[in-house]
């Protein structure tokens, strides 16, 4: 019962069309990153591939200046890149560790049965609705524009994902294995540490990558809680303008490409599990 | 109601050939079982009949007509899945009515037919309940009823009894037979259970590794297996099949068995073995119930002596395992007088014994 | 064999709290395990709630020259709440947020559903196409904003491809700015719908689909009567998820249009951002924030209760 | 120091600053580093060496004092958000904020800026020095003080100045076409009426450089307010104030409405993307010869007229640009030419700075007439000249073209201040939104101005206890009364 060739052709047509729509903006940004100034707009005619490909845009954001450009940057991409990495990783660690522990306790010990929903509610509210008190708190504890301050808020806002994702993974661990270990005299901690954790290790990795993507993607929190030392990539990208040239499209595109790569790579790696994370495990696979 | 002709059908999945050059003719109104060990290609065959798979080569004709251009939904084929594929999100009623609903049958008509079918399958009392609340047995009935209600041209059943508990299975086996008569429909039935096949089917197609081994009425297949595979597969307990080398010694043809025992051949079975001079290795087959103890009843019957190793009670009778050198024969101890350890003579009836070519598995001589 | 064979689930679902009351040392460890999450939750809930409650009944702004905790000096009763009820800009922002939800979420849903339907069965290239189609949702929203900002420039490729003049503006046109933003949102989030709906669709047991086809149902009939009803939960999850996220939309818009032209693309988040850092109306923002929190909490509670009732 | 003209000694403002720092250092009262939040387009002027072979201002300072200057850039439109973020979160990230001059009031009332009156008394900067400093003592007050005290350090001269394509105006083909179409001779405009007539004429015309747009003035959110305020100020003779004596706004008065009508109508003649333009895109339209004239920031010339070091022209418009006095309205035989001071990068000392005195001294050094003149000539950023000394400096004239050296000071003398008191951001935003609504056609001009008036009244009411009415009255006093004969 093969579909008719016509139906198949139509199907491919649709899929190719969808792929084209998906790739169109991406391609424009990627090629823009390699275009020199005169090709940034279509005034000189529409060209997909850079006519005169250049590393100038990348050179500029990494070195602060580039051959043939009058303008220069006071801060290169290095700081924001490190800031993005450090805060995303630390925020991820915080979310994954606390989320893992709490979800295990909920799944195995039946503690705090209301916790799953409370955690979920955290994700419901627009961050801007609570930003003022958060800023005041962060200022009070001296966390504004620090790596740990940003990591802390990242850890908090991505906690729901870590918690729910790990919950679904723990629910899949056959309790008999743990029982067996219990019977042979292991303490609860040993069972968790020696038996359960190794079993959910792939899940843990998935969860960590997933949470990392979320943290890396943040713009708003970094916009409000950083000033200079710990400005992250997306915030830095949005501020790239110059006195004479206005918007530096090429450089922004180069930055965009750099900022886009890690989540896309990680995302494709954990493709299979994405759906669980994004639906808070509500959708069993 | 249709007749079906399967013509030289081959199905390949990449490198793997699931069905090879299969030809079967199924008459209108016949009840045919596709029988074989798991993985033999019987389900693939059925899927091809249903149109779920296209044959790689060959044709499947319904009343002489090739339906391969037709979409599945237009073929009007009843199909009962192994796990029934009940629409668990719908009520029992909606399950039954689905096939009629989608064909835009008028409401009162649907109502009438659903009621009748529910009555027939004795699930009327559950019509309004969600199908997910049914027991397995009821699901089975629902699945059959759901397919039957649209009056399909043929009816395909994929291992329909395998999920049932033993008691209900026996009941359902009888019920299926009744249903088939009532519907009068061509039914094709896939099973790996030869007893089911033997007791239900008008005809059985035995399939092994994608090849049709034999196709015929159950008794014909039982009495007259055309090859060693069929002989081995059909019948319970299994036929004794002993392999050896044919040797002519002083005018007597003997089958020298591995391990030292030998069977002197005479009568019909001897003729069978000798009808093809090129055959050197043979397989001797005799059903346990044909072996007898005591006096030779026919002149050509073959007498052997063996030691009773084990006695096993099967229903009212006992099975005796007789050790002859390294070879084991199984026979019914119909007189109930054997004891373990006895050294007893027994007879193999020549005219009921079968001869096979050990290399090709082909039946030698025969009818 | 109840529903198990039909949901395709092969694993046994463990009861929650399997070890409840097993032993005290277990409980104790569970307590320590929960503590960090619990503290983080308290940390982010308690103080913000009370601070907003406090600020929202004053006129305090950072321009006041007194610290926020002295805000009682400019106590204003419910003035902020009265303002809020009649502030056309706030309601405009809410309406625009709703508009984005009303247009983008269904569009994402239908596109995602159509794509998912195409991906039910195997075909050559499926994996590759699947990966390509998922890419947008993994890209940093700020970068997506930048991409569409570039695309929709007068001198950008969209105009060039559509043969429109460079002065056909998108981001600065009253109506087209919103369209551009919605297009960007649809571009980024249709893949999420696709992902979830496909997972749901693949969860429909294939033999039931076959059975439906064999019974004579057309593809459309089977889709409506068999696939869709079975996907109900998944569909609800997908829609709720996108609606909630859509309500929060900020990055994309702030980078593409900063809420402009005028306030044409100003959503509730952009509005709050501008009020917070532009107009510095902190007490007013606190009142709005608190109202949003309360309204959303009530909706969430009602929704969950409804779901629970449906399931029970 | 690059040139004799920029050298200073202990008797000069810069020298006093350096001496002061040395004293502080000796007392252990100076930081090792001063961090400065700066509009990103201005950074080059502090960090780029200028002129050829000389060091940068930053290098000179660091060499003389050993105190490192750490500069953090932010986009001009958003910088004050960052400032307020730092103030409200008590981040203490920066010693120096910069931002629009207009925001001084907001910053001061939020307690974010240090009152420098004592330091000014102690170190005597030359901001108002005769012949070198601001054009008038009032101007010094306007730029450096708020509510009678010194808080701000002017680093810019954003008086909207008129530039036009002289080459185009003088083209006989253009002149003839203009005469035929309008019956008048094409010359630089004196009044807004003439501006609009010329704008209308050029829109859609092609004189060999593609179709033109008549209106080059900024119309976009935030930046477009300058255009509106300049037009507004000249509605009455000699001035039309934004607020009356009692603090009530004038937005939906008859003249206010007329001004808004004119402003909105002028968008017809603007480039279609004008609503997204920052000054940079607006400059480009003139550099590409797409607009005939504009009232805009003076560095339009610096980046677009003249030649690059390699000899190539800076833009297509090189050699074609001229400038003229602000336009106004004819009242009898007089014209009230008015421009507006809007944005104008200004520095403040963060009240969270741990070493305000040292930071003050750095800013005094930077903003004193010699250092500042030197920086104003540097093409690496957009700090614009505004001190008398600046206009006498050949390096500045080279950057800003000799024709600007007359018109800019003349424009300064005829400029009104835009809004600068606590609540300014809210006031400007409220008006801006309504203007944009009118320009984009979502509201009628009358509805928009009524709404803006309402919002302003509300803000004034709320800010009354913070002394906004007094601030308005003080501001009115600083408006120029100078008028020109017709």
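Here the chain labels run A, B, C and D in written order, and each chain numbers its own residues starting at 1.
Keep this in mind: contacts are C-beta pairs under 8 Å (C-beta built on N, C-alpha and C of every residue); 3 or more make two chains touch, one makes a residue touch a chain.
Note that this is a predicted model, so its numbers are computed, not measured.
S.K.: Stepping chain to touching chain, what's the minimum from chain B to chain D?
M.R.: 2
S.K.: Pick out whichever of the two, A-D or A-C, is joined by more C-beta pairs in contact.
M.R.: A-C
S.K.: On a C-alpha centroid basis, what's the spacing between chain A and chain C, in Å?
M.R.: Result: the chain centres lie 16 Å from each other.
S.K.: Which integer distance in Å separates the CA centroid of chain C from that of chain D?
M.R.: 42
S.K.: How many angstrom lie between the CA centroids of chain B and chain C, rounded to a whole number?
M.R.: Averaging C-alpha atoms per chain gives centres 58 Å apart.
S.K.: Please output the residue numbers of chain B that touch at least 2 other chains, ranges allowed.
M.R.: Each of 52, 72 in chain B touches at least two other chains.
S.K.: Counting only residues that touch at least two other chains, what does the list for chain D look like?
M.R.: Residues 85, 88 of chain D each touch two or more of the other chains.
S.K.: What positions in chain A touch 2 or more of the other chains?
M.R.: Answer for chain A, listing residues that touch two or more other chains: 136.
S.K.: Spell out the residues on chain C that touch chain A in their complex, using ranges where they run on.
M.R.: 9, 11-14, 16-20, 22-23, 25-27, 29-34, 36-38, 40-41, 43-44, 47-49, 51-52, 55, 68, 114-115, 118, 123, 129-144, 146-148, 150-151, 153, 155-157, 159-161, 166, 187, 191-192, 195-196, 199-200, 233-234, 237-238, 241, 244, 247-248, 250-251, 254-255, 268-269, 272-273, 276, 282, 285-286, 288-290, 292-293, 296-297, 300, 304
S.K.: Hey, which residues of chain D end up touching chain C in the complex?
M.R.: Listed in rising order, the residues of chain D that touch chain C are 81, 84-85, 87-88, 106, 109-111, 221, 271-276, 422-423, 425-426, 429, 433, 436-437, 439-442, 462-463, 466.
S.K.: For chain B, which residues count as touching chain C in their complex?
M.R.: Chain B residues touching chain C: 50, 52, 72-79, 81, 83, 85-90, 98-99, 101-103, 132, 136, 139, 146-147, 150, 163.
S.K.: What does chain A use to touch chain D in their complex?
M.R.: Touching chain D from chain A are residues 70-75, 135-136, 138-140, 144-145, 224-225, 227-229, 239, 241-247.
S.K.: For chain D, which residues are in contact with chain A within the complex?
M.R.: 35, 37, 40-44, 47-48, 71-76, 78, 82, 85-86, 88-91, 93-94, 278, 280-281, 283-284, 299, 303, 379-382
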